[in-house]
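Pasting a structure below so you can have a look.
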Amino acid sequence: MNAKLSKESILGLIAIGIFVGMSLFTPRFFSSSNLSNMMFQLPEFGLIALGMMVVIITGGIDLSITYIAAFSGVGAALMMTNGFGILPAIIVGILFALACGAFNGIVVSRIGVPPILVTLGTMVLFEGVILAITSGNAISGFPDAYSLIGNGYYMGIIPLSLLILLFFIILTGILLNKSTWGRRVYMYGSNDTATLFSGVKNSKVLMKVYLYASLLAAVSAIIMTSRYNSVKVDLGSSYLLQSVAAAVLGGTNIHGGYGKVMGTIYAVLIFQFIRNGLNLMGAHSSLVDVVIGAILIVVLTFNFFSDKFSRKKAENTPEKAA
Amino acid sequence: MSEYILEMEHISKTFPGVKALDNVELKVQKGEVHALIGENGAGKSTLIKVLAGIHGADEGGKYLFEGEKADIQEPMDATLKGMSIIYQDLSLFPNLSVAENIYIGRDSKKKPWTKINWKSMKKLANKALAELDMDIDLNKKVELLSIAQQQMIEIARALAFDSKLIVMDEPTSSLSSGEVEKLYNVIDKLKERGISVIFISHKLKELFRVSDRFTVLRDGQYVGTYDVNEIDEQGLIKKMVGREVVYETNKEKAETGEKLFEISSFSKEGNFKDIDLTLHRGEILAITGLVGSGRTELAQSIFGITKNVQGEMWLKGEELKISSSEDAVKKGIAYVPEARQTQGLVLEQSVINNMTLPIIDTLRNKLKLIDRNVEKNLTDQYIKSLDVRPAIPELTADKLSGGNQQKVVIGKWLSAQPKLLIIDEPTNGIDIGAKTEIHKLLRRMVNEGIGVIMISSELPEVLSVSDRILVMSRGRIAGEMNTVDADQEEIMKLALDNEGIESGNDTKTPNGTHHQEV
Amino acid sequence: VSEESAGSGNSGSSDGETSGSSGEGESSSGESGSDDGNTDIAVVPKLVGIPYFNASETGAEQAGEDLGVNVEYTGPTEADAAAQVKVIEDLISQGMDTIAVAPNDPASVEPVLKKAKEQGINVMDWDTPADKELVDLSVKQVDDEEFGRHMAEKLVEAMGTEDGKIAILTGGLSAANLNLWIEAAKKEFNENYPNIEIVSEKIPTEEKQQVAYQKTLDLLKSYPDLDGVLAVSTPAPLGAAQAVQEQGVQDEVSVVGSALPTDSEPFLEDGSLDTAVLWNPKKLGYLTVALGKMLAEGEMPEDGQQIENVGEITVKDDGKTVIMGPPQDFTKENASDFDF
Amino acid sequence: MKLLLKQKEFSVLAIILIITVILSFVSPVFLTVQNWLDIIEGNTVIGILAIGMTLIIITSDIDVSVAALTTAVTVSIGYLFQFLPDNWSSVVLIFLIAPLIGMLLGAFNGLLVSRIKIPAIVVTLGTLNIFSGLVLYITNGNYINSTNFPDSFLAFSNIEMAGIPILIYLFALVAFGTWFILKYTLIGRSVLAIGGNAQSSVRVGINFEKVKMFVFSYMGFLGGIAAIAQTSYTSAIDPNGLAGMELTVIAAVVLGGANIHGGRGSIPGTLLGVLLLAIMQNGMILARIDVFWQNVVTGAIIVIAVSYDEINHRRNQEKLSNIDVKEAS
């Protein structure tokens, strides 16, 4: 009775509720083919949302993240279409992303420009670089083996890409909660002056944050390019605002200092179930946006009132006890 | 009945888990200066916040203003009734001009589209500043002022309001003695005009200088109200802490050992120049001076926060090249900053996370992950040895009172086992009990071989704690002396330097009074 | 409101009660799988909510009604390849008989179309070709090569000179079909009008009339001797024409591009837009559904076949590329005859 | 001193001047009056929205729903046109109704931000989805072109006074009005105060919630005016026409020196920010920069501008905190 559910657990329950509701009321939602569909659709978005969350915990935001993904995809694609193997291609893709992340990181941490400004600029910049490289054309035609990353199964039922996501969920969780870097990320997000005065090298912490976010973007890009067998300047661009939405719906404090991996993942699941469910119902695509916008507001409004309610209760209890 | 402007009785305030005020009483007469005193966390600020309408008290209290029930729902109600409150952490708008800051709040109840009359605003601000004998450009943004000037602006605002009751929560903690004296004069004038003042401070001497009566709180409970004539300093201390505390000048000459730390020709353009300084094993070196003399900048340069500094440093014979606070910590230097809330602590995070922040890298297990048990034990240990209250490591730091927050900051650096600790205004806003504890702690550290440099503007503290004193003035070392031979007048003269020629008279007076009282 | 959302699910606008499908439509549209005996055809545009694809939606639904099949017309709200693939995957889950896609990025739908085929779903593309190997049928409004060349010819005709300076506006740099047309147009200029000078690379307009307008203004300033603008993507010619109209240079600068007739009308009238070239997107939607139904029934179209409400179609030598017809010109004279 | 205080504005101005000088060498057309009028008219919508956004950013919030909100109003205008008579009263009516609709939508944002205390970026991310989703659902993305507009409105759009288009006057009016509000009214002062120190503002009796309500409603109000400007500028209503513009608006405001952490920002600064983005767009074609490199150039200039500004700002901060170090005696 006393054990109050955390914000994240409530969100988890909401996700389950939506899943059950959709299963009951949307035919074919709970069919094996649809479930496997969703398992394939989750990872690319989940990874970007995780990357966005890590940046938001520091009180920043990365508006360039989807273009980093696209750039990374272009890097990998260029390698493969020029006859290199899959592994070198993936490595180059990741390096491309890390270069972008490092650029963001340097401007944010060394020069001290607010992240929203930096990434607003680099978003246009990276897009420009991709356009300059590809002339806007899609690059496609990858080895068959490459398509296994995004389309293949492990042991016949679990998508490989889902396993990759799981791996990064666990990794991100461990890094944030158990590593000293993670601790510093949270502390920095709450008060960067105090961390500086505690001997923390803020610039290093931030640098790693932007590198990590770009790494997640790169992994997401590899899954996307493999799944879609092609890459273009707008690869994954629709995930940008969605990933911010998922992170904040997941409870991440937009001003920094708080954010949990599971919260974000639950939010990603909620988006997934709703999008998929409404598509299956044949709802107008625009309505999906409306519903997602509404959920964002409703859930946070609910949080507000439940906080208020529980605070009242907490304020009252000691008095009564006394 | 009507002799009281303010009557508060049976006031209680419960925060989740903490009873900050328990059946407290505060009665203030018209035209008196009423001191509110108590240890850190005694509930002074909380009582003021209840008075001001920021916190609602628990039910059952009595709160009368000018003999009538004060029905105060929000801060504005208190203002309209004629109360002005100067909060411990100031309430200024850094992005607005001096004039706007003084004027703001006057017309909060007016229609939003009311046109601002810049002329009358400036007139009013000028008048208030003139009363404080201050000469500041009215168009200057407040963020460009020193902390002391900001404090004065806050006082000017209260004056401009023509309030009947002015509350000052530790107004002097960041003022230089010249400014403190100005403030005393203002308070005297207010009294003449029949305005009541509630004054909160940990500096007992100044309380005796300004106050007519004292109300003492201890652990959220009301201890009593005393007339200035019926009690002395020791008596008050006893009431506050429930025991006797001795607080006197350091008379012993420390046996100093070999050189521990040394800096030579330290310069930073626009901050300080040609600083040479040596710290020996076993001594506490105090750096004093007026506010703004460059002490903090010097400390932050040693600690690697301030960049582009010329000069050399040696610690235990090794030359140090420090380019960041990280380097400094690695080399064994610790710095307790003066701004506890913004620089010292991450307020939204737990005590445990704060305590272990500088050393978190050393608390890793074999997997290179944070070892929570070790972390918890370490924190518990320091909470216990520093007597942090409440002793809950998971509590977020913003829930602690000022003094306890300071203990956490010190604990954080103790855990880092530094070779050199620089502590900036260590007892700013800290009660006398905690203060002596901190002083003892500094001594203990020195005895254990840690070098301690203490920056302080409070002369009694400097004199009682340090072994040697450096006086800084306008970015240079103006003089040096051993504490045993030190004399307050001499220190003030060095600190004031040639500026002292004009203002010397003003500033000597408080020291004079100090002497009489000691 | 609900009528419209249901409308895309089954055969129905309100007057469609002729067939039995609409009676049970409301409940069956959800489980619209092949089990209800009706044929389910999904038509996926590049994105929903732009005039062009709205017009083809009208056609597709009309066909559904006429031919008694369930038509699910749905796509992403942004022209984003990833989002489109998700929509297709969801459609596969829904159990369609035929899925027709206008791919944002042909390569990116390849895997998902493969998957659809594996599940026994007929796969076709429309509007923009997907991988030729993969699809059972490819419906094309026009021949891309022909279309691009035709626009180029129209522009030269409007300019009235074979040597002059022209600029090219495009919707977005990464739109595959627009790129194809522009390439074809360039080829036409190169081969047949070598004295035409293209003054800048194709200029992107974000699929927005307003952007096209501003860019054209800038172009007119930067190249005062410009003779013509070729604007591909449906909003671009409108923006270009607006700029020409406002500057009053209808006689000096010719604008030709791909736009819908109703939108073009105000600009065609005073000659700020000389010719809008397109096809009938409603017919394209109609044809797509009609062919989708044939496919589901195991038939294949033949060259020269007459499709009701569409006209005579061409089938290329490969047997599965269907061309609806030649490009259609919309001019001052005929624009008001159309309702899309 | 004055110059120092205006520092942030100053660095944008410097960049604008540099670009202007370069462009006027590259293209003879750039420095013509006509070109500048075109630039300003073409950026009226962004400019008006940026002015509203300035107030929001001063209070340390952000509104990413502006483009969607404005679109919603343009679409409403489009539907209204069907019912309006073809005389001047309809122009007047539009000027009453459009800002009102905008204000209501803005107030919805404001309510959630101030009463429910959801961070503004989250609220407006939500309403961005809701507004634009509903608009697309209702219109299905169809254009409404000028054939359906009352002639009086078209006539209004084409008014020029002293050779300057009416939209520029509208823009100037909004800019001046908002500047006046910020500088000379109580509510404007409260906006700055809240941004400067939210806690202090409560202590001096400023009604925090009301002020937040105000800035978001005012943003909506300006969104309504921007909708009129957009409709008259393009002579058509395109439900997708403003998509993604919120980022440009925000970029303009912060380039103009408003601090994303609140307290700082000015109308002149924002106008310069808008101008910087505008001449960059304009300059790309005039300078005949290869299309594939235009984004690279734009992005690089933004990054350089914000970095330069930050470095400059820091250097000045450092100077300000200097003390007058005593000379060696």
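Before moving on, here are some points about what is shown:
Letters are used for the chains, namely A, B, C and D, taken in the order the chains are written, and counting of residues starts over at 1 for each.
Keep in mind that, in the parts below, a contact is a pair of C-beta atoms (placed from the backbone, for glycine too) under 8 Å apart; a residue touches a chain by one contact, two chains touch by 3 or more.
Since we're looking at a predicted model, the values are computed, not measured.
Relative to chain B, the most remote chain by averaged C-alpha coordinates is C. Note on chain placement: the centre of chain A and the centre of chain C lie 34 Å apart, centres being C-alpha means.
Chain A and chain D have Cα centroids separated by 29 Å.
Note on chain placement: the centre of chain A and the centre of chain B lie 44 Å apart, centres being C-alpha means. Multi-chain contact residues of chain A (touching two or more other chains): 131, 135-136, 284, 286-289. Looking at chain B, one finds that none of its residues touch two or more other chains.
Each of residues 133, 136, 292 in chain D touches at least two other chains.
Interface note: chains touch in the pairs A-B, A-C, A-D, B-D, C-D. Here chain B touches chain D in the complex through residues 52, 54, 74-76, 79, 85, 87, 90-96, 100, 104-105, 107-116, 118, 141, 144, 269-274, 292-294, 473-476, 497, going by the rule given at the top.
Within the complex formed with chain B, the chain A residues making contact are 174, 178-180, 183-184, 186-187, 190-191, 193-201, 204, 257-258, 311, 314-315, 318-319, 322.
By the touch criterion given at the top, residues 5, 183-190, 192-193, 195-197, 199-207, 210, 214, 263-264, 318-326, 328 of chain D touch chain B in their complex. Across the complex, chain D is touched by residues 48-51, 53-54, 57, 77, 173, 200-204, 206-210, 213-215, 217-219, 221-222, 224, 235, 238, 242, 262-263, 265-266 of chain C. Within the complex formed with chain D, the chain A residues making contact are 63, 107, 111-114, 116-118, 120-129, 131-132, 135-136, 241, 244-245, 248-249, 254-255, 284, 286-294, 296-297, 300-301, 304.
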